[in-house]
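Shown below is the structure under consideration.
All chains are identified by letter, namely A, B, C and D, in their written order; residue positions are counted from 1 within each chain.
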Amino acid sequence: MKIKVGIVGGAGYTAGELIRILLHHEFVELGGIVSSSNAGNPVHLVHDDLVGETDLAFTSELAGDEDVVFLCLGHGNSKSWLHKTVLPATTHVIDLSNDFRLNADAEFEGREFVYGLPELNRSRIQQAQSIANPGCFATAIQLALLPLAGKLTNDIHVSAITGSTGAGQSLSETVHFSWRTNNVSIYKPFTHQHLGEIGESLAQLQPQSEAEIHFIPYRGNFSRGIFASVYTPSDLTQDEARELYKQFYADAPFTTVSDKEIHLKQVVNTNKCLLHVQKQGKQLLVTSVIDNLVKGASGQAVQNMNLIFGLPETTGLNLKAGLL
Amino acid sequence: MKIKVGIVGGAGYTAGELIRILLHHEFVELGGIVSSSNAGNPVHLVHDDLVGETDLAFTSELAGDEDVVFLCLGHGNSKSWLHKTVLPATTHVIDLSNDFRLNADAEFEGREFVYGLPELNRSRIQQAQSIANPGCFATAIQLALLPLAGKLTNDIHVSAITGSTGAGQSLSETVHFSWRTNNVSIYKPFTHQHLGEIGESLAQLQPQSEAEIHFIPYRGNFSRGIFASVYTPSDLTQDEARELYKQFYADAPFTTVSDKEIHLKQVVNTNKCLLHVQKQGKQLLVTSVIDNLVKGASGQAVQNMNLIFGLPETTGLNLKAGLL
Amino acid sequence: MKIKVGIVGGAGYTAGELIRILLHHEFVELGGIVSSSNAGNPVHLVHDDLVGETDLAFTSELAGDEDVVFLCLGHGNSKSWLHKTVLPATTHVIDLSNDFRLNADAEFEGREFVYGLPELNRSRIQQAQSIANPGCFATAIQLALLPLAGKLTNDIHVSAITGSTGAGQSLSETVHFSWRTNNVSIYKPFTHQHLGEIGESLAQLQPQSEAEIHFIPYRGNFSRGIFASVYTPSDLTQDEARELYKQFYADAPFTTVSDKEIHLKQVVNTNKCLLHVQKQGKQLLVTSVIDNLVKGASGQAVQNMNLIFGLPETTGLNLKAGLL
Amino acid sequence: MKIKVGIVGGAGYTAGELIRILLHHEFVELGGIVSSSNAGNPVHLVHDDLVGETDLAFTSELAGDEDVVFLCLGHGNSKSWLHKTVLPATTHVIDLSNDFRLNADAEFEGREFVYGLPELNRSRIQQAQSIANPGCFATAIQLALLPLAGKLTNDIHVSAITGSTGAGQSLSETVHFSWRTNNVSIYKPFTHQHLGEIGESLAQLQPQSEAEIHFIPYRGNFSRGIFASVYTPSDLTQDEARELYKQFYADAPFTTVSDKEIHLKQVVNTNKCLLHVQKQGKQLLVTSVIDNLVKGASGQAVQNMNLIFGLPETTGLNLKAGLL
């Protein structure tokens, strides 16, 4: 079996990461890699680690017979692309933007989008026509919170720091190297757009919760990864909490509860999420690390594709961490 | 006038920073720079930016006629050094460790230590015999909180990230470059030793508060600086809060309330603290940045010395930021 | 077919990288991962990206039935380990130290070591009992020079910069984060120990050359990778030189001549070497990039293993670059 | 005495650095800080480390009575600015671009520009009306070579690595944080524009030399500083060479010959140049470090101003290194 894959928005960071992964996915055949501004050029002109590895070129259109299309477009552009494109209903769509993540956006012109967090929605994903791939912060924070759903009674406090690739490829002051290196700052405190999807996922498991999430997002001086710290008062002991988390993720091939404290580089360049659970006084503290471009974007998108097509969830995703 | 200055523990990071500052302080004459393991060697062998700038050598003992002695020893070692050393009562001591910061430790063998945060204790510092110089996290967090003292009614949530110099010179896994670069982690969540001094300073201004401080300290992948985010519910409007902060720090030459959001590098290599105040919903959020080795250690120590000796507070401390 | 693999010196950087690669090598079964100081502990306690991925533990001895043993010991220790260990003659040894790289060291107690640079010695490697895996700088520089062998008539000038992982795991001032970050320095100018192996490889192809190599090694403020610049006067035009290089590496799956200028991150986390060839005046300049831990160590070691066991050279080595 | 200073091009990196230095220069009064796009805005809106330190605003024009005007314009723009501006002949101009550095450009519409490298031209600078401030690479490399002038008989090989601030403020791929971090690359090998000024300075001291300079410039993943390695065959012994260098720079307050090997951070944020001299075989190797924005630009410009106005050369330039 070969799954024929198309990619729209092929020149961006998440598309690059997707191509890197899919080139070595044994059940994938790459079809159109659409980038209007690069059409005709070799893919390795933009994603230049691929020189010598592939001679594929960007295209101006999809091949047309793709089994699945990944949309790697800027937020807001997936809707307009889908609107103007005639795509067979049998073609699966996996969208990496935030256009279809919220319940209110989950149906669009006849397509039904399932929120693609496998640890939450595995069986629905397996049946899905289309997928709204979660946000990167949202992935890290939800994986830290999901096992507590049903037991959340109080406010939740989150600080999380992300690498520069989270801001994408476009140039701006805060991604200028001379500004960003050795620097730290925050942005959108309490109002980050990922709070919506996090809240809906928790509500799916604990409909009546009124626990508010207070979230301070930091910009870090590294390129890849998210480290999140999440705490809330809890009646669970540390042992109970750890056991709860381990049970919850027992079947999740990429999400692991570590007995030791964790650090960001354990997961960079992989599709993993590592969690660590500890109790201090009344506070239950969960730390969570992911690679924002892999588990937080393109890797999770491939994980969703694997689930849709009945493949082992880890196919093509046994990625070597850089660690050092 | 020349103030004769001695330094004990002359080979460490904070001593290096102190020497760099004092070499160009117009009213200072350096006496003994004590480092038993380096005695006789030029200071620039250890603090090697100073080659060509000074031929001073480390000594095994103080000169004996110092007006002020800075203790740059590891935590716990200041007490034992003072215990075994006969120092004239007229010699001021400025201690950079945490040995004398808490009220319970403020008197030691006849010496009285004033907690050396000028923004809190300026007039007491001017009269002080000895100074307990504040911790770096403690400085950043207190400057973010002090104006609220008297109005704190609810829990306070703090996340703050520090550079590697905060961990000092000794080698360990978490300061190995291959581990630390591109990495983030936390340590001592909710239990960091600086919580004690922060709590006592707040209690000094608001004796009855039961507001608990929840503090997550992060290790960042940069060498210098602390960025702290502090929030708590408040009845103040954003405008009222900003006005309150500006009034509180109107006379503080190094602490400024910025109207724009702040970032770490605005203060690196300087003795400044920048604050930014904003309101989101019920939460009042204050961000705070300092250089942990300057305002968080050696610069503030010199600021305290200036106050003791009746000099303008900024003498020798007009330091150029690196910014970029 | 499964190749049973043993690793000696299992706790170091190169062993960690080897384990990461071999865990997903479809024809490998891991036997003993020897680390006397860690024996009995899970491998993921040291190589902590592997938590959740493997429950293998370090051992105090090899299993005994390994088909191949990788020696990841410090320089000088491979000889003493081999001397005191009885290993069947049928067990292949791949040594990552510099103990057996030079012709004078290629035979040791009955074992014959082939210098394991596949681009130079592919057919000899396929027949080899044991392999001396090349040094990291040596790999980057040789791949930049080999096609010119036979045409070298003048001195060769090399500058190259390496990441901190090249210095290994042990702690020292130059790998202290506070020292290394934002810093650059050189070491062992003109005398780096890899000059020996480079010289012998060139002499293998051009026995009479007296071209001297002048090499300035730099320490960079990043963890992984080597960027080398190599120039020498040449009579070749730029086009001729590029053609020569492309022909020379036509069959090398990991070494590619790029038409565009190259940068380090194109190859980090992969087993690739990228080269760029240009002519300026009389000087032919070749730039070369590798990941020092992969193509410069453990990846190339696996490449050699693949060759010995008749596997496709790329088996297990289709690694995703981090790029960003 | 107060020197009234104007700055044209006030929003760029070198202007920011100049303002930081001049704000604490005891003999300077700042006049117009011209930035047409920022006119009327506080200087600290752009150079945001200055918030709380100055309320000066950008202007659309010079005050008119400046004693000296610093031109911090892009290369090529100084000529056009001077052409369209009527400036009294008594107003000194210190230009930080490369418009007037070469002999052929040293006279422009009645102004005579002296090449402002104090270690080469101190006495001419003291008499100068206008100054062409040297390039950053040119400063680091010349200071490594000047003492050898008169003894250069063979080709000179230079590799040097610079921080991102050397590329200025404008956004481009190679200063995007996600690209630059952990990355190394080269640019303009053998053809860098600073070779012209270096060659002319050497020719000033050794008119007949035909020693060619081969220069590979690297882009480093740090923001500030240049590390240069310069070697050439020499008949001098190491001791003779060191003595020669020490004599040559005996009167240079900012240029020091170190007995120990040097590293970049010894000089970052200062106006210093450190040199280290060693001999290996026939090669004399000189390493050189400067901060590209200070000794390589704005600091040296102030040093030149001090010389013109008869002030001690170090006035306002006793800057604290960041070191760590």
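Here, a residue touches a chain if its C-beta (ideal position, glycine included) is under 8 Å from a C-beta of that chain, and two chains touch if they have at least 3 such contacts.
Everything numeric in this text was worked out from a predicted model, so none of it was measured.
*Asks:* With residue numbering as the guide, point to the option in A-C, A-D or B-C that repeats B-D in over half of the contact pairs.
*Replies:* A-C
*Asks:* With contacts counted as defined, which of the two, A-B or A-C, has more C-beta pairs across the interface?
*Replies:* A-B
*Asks:* Please tell me the distance, in whole Å, between the geometric centres of subunit B and subunit C computed from their C-alpha atoms.
*Replies:* Chain centres of subunit B and subunit C, defined by C-alpha means, are spaced 46 Å apart.
*Asks:* Taking each chain's centre as the mean of its CA atoms, how far is subunit A from subunit B in angstrom?
*Replies:* That gives a centre separation of 40 Å.
*Asks:* Let me have the rounded angstrom distance from the C-alpha centre of subunit A over to the C-alpha centre of subunit C, please.
*Replies:* The computed centroid separation for subunit A versus subunit C comes out at 34 Å.
*Asks:* What positions in subunit B touch 2 or more of the other chains?
*Replies:* 13, 165, 178-179, 181-182, 221-224, 263, 265, 268, 324
*Asks:* Spell out the part of subunit B that touches subunit D in their complex, as residue ranges.
*Replies:* Against subunit D, subunit B makes touches at 13, 16, 20-21, 23-24, 45, 47-49, 51-53, 165, 181-182, 223-224, 256, 258, 260, 263, 265-270, 272, 274, 293, 318-324.
*Asks:* Contact residues on subunit C for subunit B in the complex?
*Replies:* Residue list for subunit C touching subunit B: 13, 163-165, 169, 171-172, 175-182, 221-223.
*Asks:* Could you pull out which subunit C residues touch subunit D in their complex?
*Replies:* Listed in rising order, the residues of subunit C that touch subunit D are 157, 159, 161, 178-179, 182-187, 189-191, 214, 216, 218, 220-225, 227, 229, 231, 261-265, 268, 278, 280-281, 283, 285, 287, 324.
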